[in-house]
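Right after this note come the structures.
What follows is a pair of complexes built around subunit A, which joins subunit B in one and subunit C in the other.
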Partner chain A sequence: MNYGPLLFLAAFFALAGSWFGFVLTPQAQVGRLQTTNMLGGATLYPQARPGLARQGLEVYRANGCADCHSQQVRQSGTVCNAVLSETGTNLPAVLAALLKLKPALSEPDARQWLSTLPRPVLEGLKPAEADAAVKVLNGAGAKAAVWIVPVGPDLARGWGKRRNVARDFIFDYPVALGSQRIGPDLANLSARQPDAGWHLRHLYAPRLEVKDSAMPPYRFLFERRKVERSPSPDAMVLPPGLAPPPGHEIVPKPEALALVAYLLSLRAEAPLFEAPLSVAPGPPAVAPGPTAGATAGAAAGTTSTNTAPTNAPATP
Partner chain B sequence: MNFSSSQPPPMPPETAELGAGNMPVPVWLMVLLFVLLYAGMVFFDRYSGWFDAEVYMPYASLADLQAFQPRGGGSSLERGRAVYENICALCHNSDGKGKPGQAPLFVGSEWVMGSPNRMIRIPLSGLSGSVQVNGTEWNLSMPAMGASLSDDDLAAVLTYIRQSWGNKATAITPEQVKAVRAQVGARSQPWTTEQLKAIP
Partner chain C sequence: MNPTASSEPAAASAIDVSCRRPLLVLLLSAAAWLVIASAFALICSIKFHSPDFLAGAAWLTYGRAHPAASSAFLYGFCLQSGLGVSLWLLARLGRTRLAHHWLATAGAVFWNLGVTVGVFGVLAGDRTGFEALELPGYATPMLFIGYALTGICGALTFHQRQQQPLYVSQWFVFAALFWFPWIYSTAQLLLVTFPVRGVMQSAIAWWYANNLRVVWLWLAGLGAVFYLVPKLARRELQNRNLALSAFWLILLFGSWGGIPNSAPLPAWMPALSTVGTVLTTVALLAVSLSVWKTAGRGAGPPGALENLPLRFVRFGALAFLVAGFMRVLGSIPPVSNVTDLTWFGPATDQLNTYGFFAMVSFGAAYWILPRVMGLDFPWARLARAHFWLASLGVVLLAAPLAIAGVLEGLKLRNPDNAFMDVVKATLPCLRLSTMGDLLMALGHAAFLANLAGLAARFYLPRAASLFSSLTLDLHKPAGAKP
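On to the complex of A and B.
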């Protein structure tokens, strides 16, 4: 061991270097992220998951859901659309501005075009180009605005409205990011499917709800029991092939209800400074409380607040 | 086959230690290393965002991100609506028609359409006691909101109230709110109708 001190130093710097890069730097970058205001409003984001949903994260983890489902929507770019919302009172000037921006349009077409507002005049612009186009329209007395629209393959699949950022996950431990997409991305699951009953049926028999689903059934999250006196309100309603024999019923165990509460709390669409977008989302997802969750199997639509309409611009 | 009589094949003689000799590191390898290093630095310069916690991949830097922030302009009413729905609508209702026994209406109210200086003071410090709104008498107390709302937010929400549900009054600018806030100072008492009427 003539080189003892040298070997020690080499090992020390190798370990210290990786600790510096993998532990200290990320901690310094995102370790102190906090709840913040959404863009254009006083609402705080993110909110901690409700208790049942927090328990659901443990069920999600224990059943290895993250092995097949990711929770990270990616974004390849951002474009600006110049959206015309009102023509104002000076129609000829607006028409002239519109023809200037869209030379391909003939005048009768342009009049026709103006009858269904709001709609984007130009799409896929750079910020400066969009600002210039909006300035032309506003100069003619119309009401126009720049819309910020994130784009990317994940967003085109309908998996979200913007990319996921570190702030989305500050209340989760561990963060169930996932790395494989054998199933779809779940980062905005509750925005796509806010019905708790759908999720319970899908967990019990995935192909009931999704044709050719590759997901295994999670029937051990449910129990079959004899009907005592009157049937349970959260008994599953199943087709003939799957229904239990008469006098029996299938009800979700507490784990299933917690998992569904967690799935219904998955939503990361709020416009943030680090992930800007112009489409105002609905109210943040609120997982059903214990009472609502217990009756979720029978009553669909208990979480209808999740489907509040967004004021997205109409796309032609 | 007779195994016992066969001899193992002779092994080649081993050298004591394998070595590369004194061959120098090829020049092309050094060049490749420096090219890779340079490419790494260029990539780092372009995409790291200088390790900012708020810069993520489609955006290259803070300046790039700022260019994509939703524009103010026409969306000031949107901002006002967001503040209104969060704070005011609890008592005054989303349609601005108020709630019986909780808060008076805004639609066509002389307090809303009247002097901006009066209107700004009401959310800043609150209002208590008897007040006539559209000929109806209310006797309630409105809490002060001034501490929790910025000048921009207050101006946006007051403009929203003055220009929604058929109301057509002038917009209120953040500068007006700032001026009134400076005049009012650290007032902790809510206003009364008589005090507000004395203000132009």
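On to the complex of A and C.
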């Protein structure tokens, strides 16, 4: 083959093939994903992030947060748990059923065990085994159900309740999936650390909140200024080494507040058809984007009241 | 047609002269971008163990310096040096002068303008957020015009070739010439101009990054390898058909890759990407066998500097094989469960871009430029030092990062390991990789010095004689050259 045009066509068709495969086909499949109902409810998911959080995504992009933080929680599979939620009226029968399922338990222990419900009777089962166990419990008059539980190292680490799916990102531009975990995964950051004050202090001086953190400080997102008539309610409360000289205060710039609002809107735990998981009934365990983001804006204004990180995660 | 089959064609020197200006502009500015890129890369590398280093200024924060380094390297160095070498190969192998060489020179100027604007944009916070496509949208028109002008020059040169049968290198280089505008326009249109929705952005960004960093760099780099290896080893290319089959395999399977297994995309996409990546193994073996049979045993020509380009190209071919296998391994699910989202990916990427492509480009530049300029490089010892600094640097960069990646991945599998402990476990490797970055930066400075010295050696006497002729004899036409 010694002709330029033929060579040109060969290259063209080779590339067109992969373009068809990796650009056009997925666009037809997931390019127009819409919001949908969460499993077992009428709540729509996902909701677009609120305005301030959307500005925060711009700060996230401009400063390359995604270079060190992924937003892809992975999952190795799902298992089923047989969960007992109510004993019903026939306690002896339920006890007998429980002892049959958990032979290691002694009878007084089993009574004690039943005092805190709901809790899983057996964990990590195959669907058929879980069905059988639930049948035994329900047969005794108790209220039990099969729960679907995603598992994997990321989930065990507390980085999320399920894997991330395409639908989690439909409102984002740019989608910041990241490619490395130099820092922890952020896909569900607001579930782990909902305190806006913590995030601001962490951005200003990472090693203040996380010992030996490798994150660079982002002091250019903050402003040091003279205290005018009265100190700003937004002023940062910092330890002596970092505190500004008397008469000065350090306040977050709008970019910092937007970034924190975005970080607090990061939560992708809704049970979906493509990523099922069971959640406890009662108050909804999943707070969709806007709620978290809306509180972020409000919480960001109350940073002066931050004293100590109340619920700092063990592995931030 | 094999480049060693016949004696040097009569027109060789005329061809080289026609390439002189575009090649000097392309390769000299490529070297300058390389030095800029490695300075930023060094800053980024230091930040891993001293996070407070240069943290005060927004433009030097890791998330801006890092894309500045990678963009300066990819667009400033890789594409530019790849284009320069490709133009020369098309002219030499086609036995014809470079067609409208001013087109390539103008293209290079536009391209450099685009990269400059783009890198400043990234530092100002305008990065796009898509890996390998970080230069902001407003740099695109300049980049596109620059590439188009240079590419048209290459296509015209190919068209007016005096020798109908094509040599292997021409296949690779010609395909590369067209590959970039297609992938770049797709990515630019669908990610920046009319952005697609949701994770489709990531899918297209991965497709583009793979096509640029793997397929384009392989096509352009292997084109140079298949020319230089027979030339430098003074043997005909062995197993020409193996080389051609490698071309087809890369074309067909190379671009079906780059989508990580952890991606939140329909499962068939990562699966297909794994299949495509694994199939490139055959291409890796074909290239390596062909290069090994040609140059593995054959001694290079005598004389230290004569031997230098061959050393660079041999190192590049070895890095091509290793990086290619790391890429294949990293795409297979049991391995990728560990290596995805760790340092293993950057290690593979660095070994492919620096270890393979940049090293081959260095070898090509050390071979081509003395011929084009008609002069030897001014500092032979510096060039030899460059080889040792660069090869040691690449090894010290990629090997610790690969180890850090595997270590990190294995430790992250166990949720009992606190995240901070995992980070700390990788620190010794990151320190070593900083050493690698430092050595490479020194090597690149030596490369730039030699190129600039060569240009000065060529132009200073001409400028001096021009100046004296202008001042001594005003009747002589000013443009007269010796």
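Here is the rule we use: the second predicted complex is superposed on the first by the 264 of 316 C-alpha atoms of A that agree within 3 Å, B and C clash if a C-alpha of one lies under 4 Å from a C-alpha of the other, contacts with A are read in each partner's own complex, and residues count from 1 in each chain.
Rule of thumb we're sticking to: contacts are C-beta pairs under 8 Å (C-beta built on N, C-alpha and C of every residue); 3 or more make two chains touch, one makes a residue touch a chain.
Quantities reported herein were computed from a predicted structural model and do not represent experimental measurements.
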| item | value |
| --- | --- |
| Per-residue contact with subunit A, leading partner among subunit C and subunit B | C |
| First, second, both or neither for A:F20, with subunit B first and subunit C second | neither |
| Partner chain in contact with A:R163 - subunit B first, subunit C second, else both or neither | both |
| Partner chain(s) touched by A:P216 [first = subunit B, second = subunit C, both, neither] | second |
| First (subunit B), second (subunit C), both or neither touched by A:L33 | both |
| Footprint overlap on subunit A, where subunit B in one structure and subunit C in the other make contact | 29-30, 33, 74, 76, 163, 165-166 |
| Interfacial residue positions of subunit A with respect to subunit C in the complex | 1-2, 4, 7-8, 10-12, 14-15, 17-19, 21-23, 26-27, 29-33, 61-68, 70, 72, 74, 76, 153, 156-158, 163-184, 206, 210-220, 314-316 |
| Interfacial residue positions of subunit B with respect to subunit A in the complex | 51-59, 65, 67-71, 73-75, 78-79, 82-83, 86-87, 153 |
| List of subunit A residues in touch with subunit B within their complex | 25, 28-30, 33, 39-43, 74-78, 80, 85, 127-128, 131, 134, 138, 143-148, 150, 152, 163, 165-166, 271, 273-278, 280 |
| For the subunit C and subunit A complex, residues of the former touching the latter | 47-49, 51-52, 55-58, 61-64, 66-67, 125-131, 158-159, 164-166, 171, 174-175, 178-179, 182-183, 186, 190-191, 195-204, 206-207, 211, 248, 251-252, 255-256, 259-260, 262-266, 269, 272-273, 276, 337, 340-343, 345-346, 408, 412-415, 418-420, 423-424 |
